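The next block holds one structure in the form of structure tokens; read it before the comments.
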Amino acid sequence: MHLLVVNPNTTASMTATIAAAARAAAGPSTVIEAVTSTMGPASIEGYYDEALAVPGLLAEIARGERAGAAAAIIACFDDTGLDAARAMATIPVIGICEAALSLASFLARRFTVVTMSQRSLVPVAELVRRYGMEPRARVRALGIPVLELEDPASSVVAVLRGEIARALAEDHAEAIVLGCAGMADLAVALREEFGIPVVDGVGAAVKQAEALVALGLATGKRGAYARPAVKPYAGLLAGFGLEGKAVA
Amino acid sequence: MHLLVVNPNTTASMTATIAAAARAAAGPSTVIEAVTSTMGPASIEGYYDEALAVPGLLAEIARGERAGAAAAIIACFDDTGLDAARAMATIPVIGICEAALSLASFLARRFTVVTMSQRSLVPVAELVRRYGMEPRARVRALGIPVLELEDPASSVVAVLRGEIARALAEDHAEAIVLGCAGMADLAVALREEFGIPVVDGVGAAVKQAEALVALGLATGKRGAYARPAVKPYAGLLAGFGLEGKAVA
Amino acid sequence: MHLLVVNPNTTASMTATIAAAARAAAGPSTVIEAVTSTMGPASIEGYYDEALAVPGLLAEIARGERAGAAAAIIACFDDTGLDAARAMATIPVIGICEAALSLASFLARRFTVVTMSQRSLVPVAELVRRYGMEPRARVRALGIPVLELEDPASSVVAVLRGEIARALAEDHAEAIVLGCAGMADLAVALREEFGIPVVDGVGAAVKQAEALVALGLATGKRGAYARPAVKPYAGLLAGFGLEGKAVA
Amino acid sequence: MHLLVVNPNTTASMTATIAAAARAAAGPSTVIEAVTSTMGPASIEGYYDEALAVPGLLAEIARGERAGAAAAIIACFDDTGLDAARAMATIPVIGICEAALSLASFLARRFTVVTMSQRSLVPVAELVRRYGMEPRARVRALGIPVLELEDPASSVVAVLRGEIARALAEDHAEAIVLGCAGMADLAVALREEFGIPVVDGVGAAVKQAEALVALGLATGKRGAYARPAVKPYAGLLAGFGLEGKAVA
Amino acid sequence: MHLLVVNPNTTASMTATIAAAARAAAGPSTVIEAVTSTMGPASIEGYYDEALAVPGLLAEIARGERAGAAAAIIACFDDTGLDAARAMATIPVIGICEAALSLASFLARRFTVVTMSQRSLVPVAELVRRYGMEPRARVRALGIPVLELEDPASSVVAVLRGEIARALAEDHAEAIVLGCAGMADLAVALREEFGIPVVDGVGAAVKQAEALVALGLATGKRGAYARPAVKPYAGLLAGFGLEGKAVA
Amino acid sequence: MHLLVVNPNTTASMTATIAAAARAAAGPSTVIEAVTSTMGPASIEGYYDEALAVPGLLAEIARGERAGAAAAIIACFDDTGLDAARAMATIPVIGICEAALSLASFLARRFTVVTMSQRSLVPVAELVRRYGMEPRARVRALGIPVLELEDPASSVVAVLRGEIARALAEDHAEAIVLGCAGMADLAVALREEFGIPVVDGVGAAVKQAEALVALGLATGKRGAYARPAVKPYAGLLAGFGLEGKAVA
């Protein structure tokens, strides 16, 4: 099984972290192809970065599907471009936020998501609400830029541990969800340190993608995720061949 | 990986259907142990049956955990006894309703659950609400007793197909969730017939259980799912050794 | 009017507290029969205890209905087994949580429920949500085992008074609901001390049961609370004669 | 126990219907004083009538409280002026809508309210939402003016029976709530005809008022229902002495 | 364009503040007529004051409409009598709370409303919920009587600034809504001081009223806001001629 | 006042319709600059088109802001790219869906949105939920491609009229919102034909933009709409200069 994992930001070192987490989670017959988007921001923090990351992300998924990927994973906790990708592709597409929230909901009645940037707090809280987890999940932000996760000298892990401690004390959290793809390598150590489930979305999404493929399930193609209608696309984006997906 | 699948009703022929669906979904290294509860009703239709099925179900999960199961699946769409089982066990426990709704939410923005008995309509609708899927999922009931699924001469499949057709037309459903463990063998044929995703909870739960075990995740043990306190249990139920789980 | 009040835990001293509160609330022509369940845990703290208390509870209600009770009250704040009991019985069945929340809603726009065990916090919060009181009610837990209420030397009342004070200051609570049947004897003194309504569920449920009986109202028997279908029940629980209720 | 039942519309014949229902529900030691407001519309259908009925209603409750009433009931299904009355009075005040919805919620998981005028449909639906019953209750309107209930030649009862039949078939209603005080005399006959619980708010409110008084509970006087501040009131309404209530 | 702005309390000095804010917001061709109600409380703090302010308010709107006003604004943050006024009038009617919340929702994902009296906290929170802003807006009260806004020696502005600072720190507020008509003159200074949007409802409502008139839109007259039915009105209120509006 | 109205699809004839509606709504001192995006799909129907329209849209808003526009309007009913645009820009940005829903909420308690493509049904319903209008608004789709609005021979207007009639009969709609920018020219005629408010989002957004500018209000720049952080952007999109906005 060939799974495509797209890092929708353009920072290759973060893709390495993501790829390692994906491979650690993957089953023995799963091949992980982890790619870095070539178009968009170096990190995704809030609505603006998110919007500009989508075309590059879609281009990678379209390419991956043509190359035979069985499913695609969007490795950004904002589930950037997820609905557009599902409408475009015929293979299943999984976002790491929705995958992580699902698994957390099997482990705890109340849990807390810890994300990086203050700009991401509201977008992630809106995802929590959209996925129906609002009565049981809270969202906290560290107030640290995402790219600090790539800096070994950063104090980000210490700040994260402090925030997890506050979530346990103040939110009655029974589990923690790591709210950034770049935190994927921290899940196991934090789980052991705090003695609670700590869910990383990258691993969660790999298992969900494997599940859908194994069960022969793919995105429904009537209604919201119907294949886009055939129509002209103008401008530079037309060069990406995305509109070709719209041919019935 | 040893997965315990408990049919919480006492009808062995339904366990056979469930076991087949579980094995079809399981990965190559997963061993499915499918058991029939020895205490409770022959089928679970509504709140009363559900309540009386729980002690037998818990006894099976306690026994399975002692025998080394890596995770347990409750194979009744009411997710009967799920919270109690999670508090009791240390291994992960998955309900087929929550598993099916999660996978369906990755495939469609709107979907419809089709259950059997009219008595189950409200309990299933309450689960849909509890799992946060109320804005996107509707529930329909066939108005047919569950045990008719065991009768080859029954017209239940024809009625089910009619209800799916109505869900597509009236609910704008983009996917269907089969709302009874006894329907597990119908998913593939219905998917092909209607050209939409049809999700069976048994297969879905197997993949979720495999996912949790593979990722090293187990139920959070603070708060709602904390291990039950040590205390006396009186009466016949005391003979099941369930209270033994309460020893710290 | 003969009202059955079932203490679904197996601690007789708590039944005495409950019986006294019920009799203090009852009208002059009401006879309170307070019984202790003979099967289940010594106290009900969270999902596991709750599930194992249900068969014993149902057996008492079935027996009481045969003996001519006009209505039944479930005297545990988790409203343990309430839906199953309503489906089984033809007489009205009232839970003390739903009764207390209803009366509190007539007295205050915002109120706080104070329960005992941390394990009960989420189950009670889910009841608050299920009964539609989420926008106006908060839930607090003392973090003390229920059975300490039976210990005259315990500091539980002092802790309770502290938590009520915090609810007034932090939650803007306009009334307090006592979230455990074992607190029933404290309502009047706390009401006088704090100068706010303090609602005990046992008294509240007695009045609701009297109301339904006086008005000639009983549980609706179509849909969710339809009489259980006739079917075989296996195992030790079959000895309770509960399945006899399923005969049409 | 002296209960004040205020018909906030100015139609005395409807007060007679209300008084009869209240007396039929009242306990042996309860004295029902049923009064007709002297100021406001002849019937209350929608927001405008509701607003103009409030001063007359408040005047009656203020007078009744001075005369020693133990509790007051607002006998209009819009719960007209309920919050203002609770803030003004120290005795408990009950609305017939909230009382009826509470009792119905003890009898059924899903129920339907049938009101008279199309103008009342949205206000009653907003009450259903405000009281937390939205997930389980629907509202239907007969599209007939309220005062037709006072006309023996009217076909209103036939139309009501048709609407109840539709609620059973289309809403899966398990109980019916009569959504107008003027329907109070119809509950028993409809209950027998349809074999389901039919809840009348007037009787329901009498029992709730008796319950609060028997339990020694009165409106919380901090926050939303705090006694109004002392301040000048101008204009004709000043003549009603209502502002006198505001003296600390 | 002639806009009627009604101060529904009877304090003329507050009308002056409101009129100034309305005129500052109005377009060049808009004429603001600001009137003080002649019947009701000197300030509106909570449900009781609100109810008694409605008849005087309706009388002013009815008079204003007869005099040719193109739209009416209710200048009290409780949106006192708004639904009744909309049913009565044919011209558009705007409440300052709904207008302010709408504009704030265009400027921020999360915002905080700061109101005056503790009695208003719950009514304003209920409006926030009714207008669909509950997931994104919080409400705070200063705990100061409204009329202190008319006292130049009062410390109310200092307290308000402290509360805004807390909203920024604790609520993650991105904008502030001033929750009292009497605060209208403070918006610009606070906006500059805190560097965030500060929305005053009076100005907001003037622009919304201008918008509706310019677009030729008026209240829908079927359903909830249908013109009141013709019927007798009794008592002193009958002298206001309001019932005349009910003639078809 | 210079208002920028961006048609985020690339069909110039639809921009002409939008521009006419905007100019008809604009105040005498407002200058409407209506532009067609140069990059993206010819019409926006569902998530995929929406995502690919955003970069072109953002480029136009960035250009317009540099050229001195006082506010920007996104003239697609999906409110395409609205959050990203608000984070990017310092001038206010208004979406036609949010503007139309706001105005409709001032005119009716219940209303129905009629959109074009079946692919847009769920995205628009999600907007209705996001803007807090879910309890009062329904969404219907004509099942006709957007570009048929540009075809004078199309039967789309007849189909639209039929759907409005169904909304009045089945949804109890009190007002209609036109759910596509291309319908802007139909509002007045439909309003007269059906005798109810018919709200067009383009005109509504023009008035909201004028309101914000007149009141001196602009997007809050802390939290969700904080200015994007300075960081590298890769790929073709970097050529648009959008990342220049991120310089502090």
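By written order: A, B, C, D, E and F. Residues from 1 in each chain.
Just so it is clear, a residue touches a chain if its C-beta (ideal position, glycine included) is under 8 Å from a C-beta of that chain, and two chains touch if they have at least 3 such contacts.
Since we're looking at a predicted model, the values are computed, not measured.
Looking at chain B and chain F, the chains in contact with each of them are A, D. Centroid analysis (C-alpha atoms only) places C farthest from chain F.
Its interface matching that of D-E in over half of the contact pairs by residue number, B-C stands out among B-F, D-F or B-C.
Centre-to-centre separation between chain B and chain E, using Cα means, comes to 52 Å.
Look at where the CA atoms of chain B average out and do the same for chain D: the two points lie 44 Å apart. If you average the Cα atoms of chain A and of chain F, the two centres end up 29 Å apart. Shared contact sites, meaning residues of chain E that touch two or more other chains, fall at 83, 109-110, 121-122, 126, 134-135, 172, 223-225. You'll find the chains touch as A-B, A-C, A-E, A-F, B-C, B-D, B-F, C-D, C-E, D-E, D-F, E-F. Across the interface of their complex, chain A is touched by residues 121-122, 126, 129, 134 of chain C. Listed in rising order, the residues of chain C touching chain B in the complex are 10, 37-43, 45-52, 54-56, 58, 81, 83-84, 86-88, 117-119, 121-123, 126, 130, 145, 147, 223-226, 228-229, 231-239, 242-243, 245-246. On chain E, the positions that touch chain F within their shared complex are 25, 27-29, 83, 92, 94, 98, 102-103, 105-111, 131-135, 168, 172, 174-175, 188, 191, 195-197, 199, 203-204, 207-208, 210-212, 214-225.
Interface of chain C with chain E (complex): residues 109-110, 135, 172.
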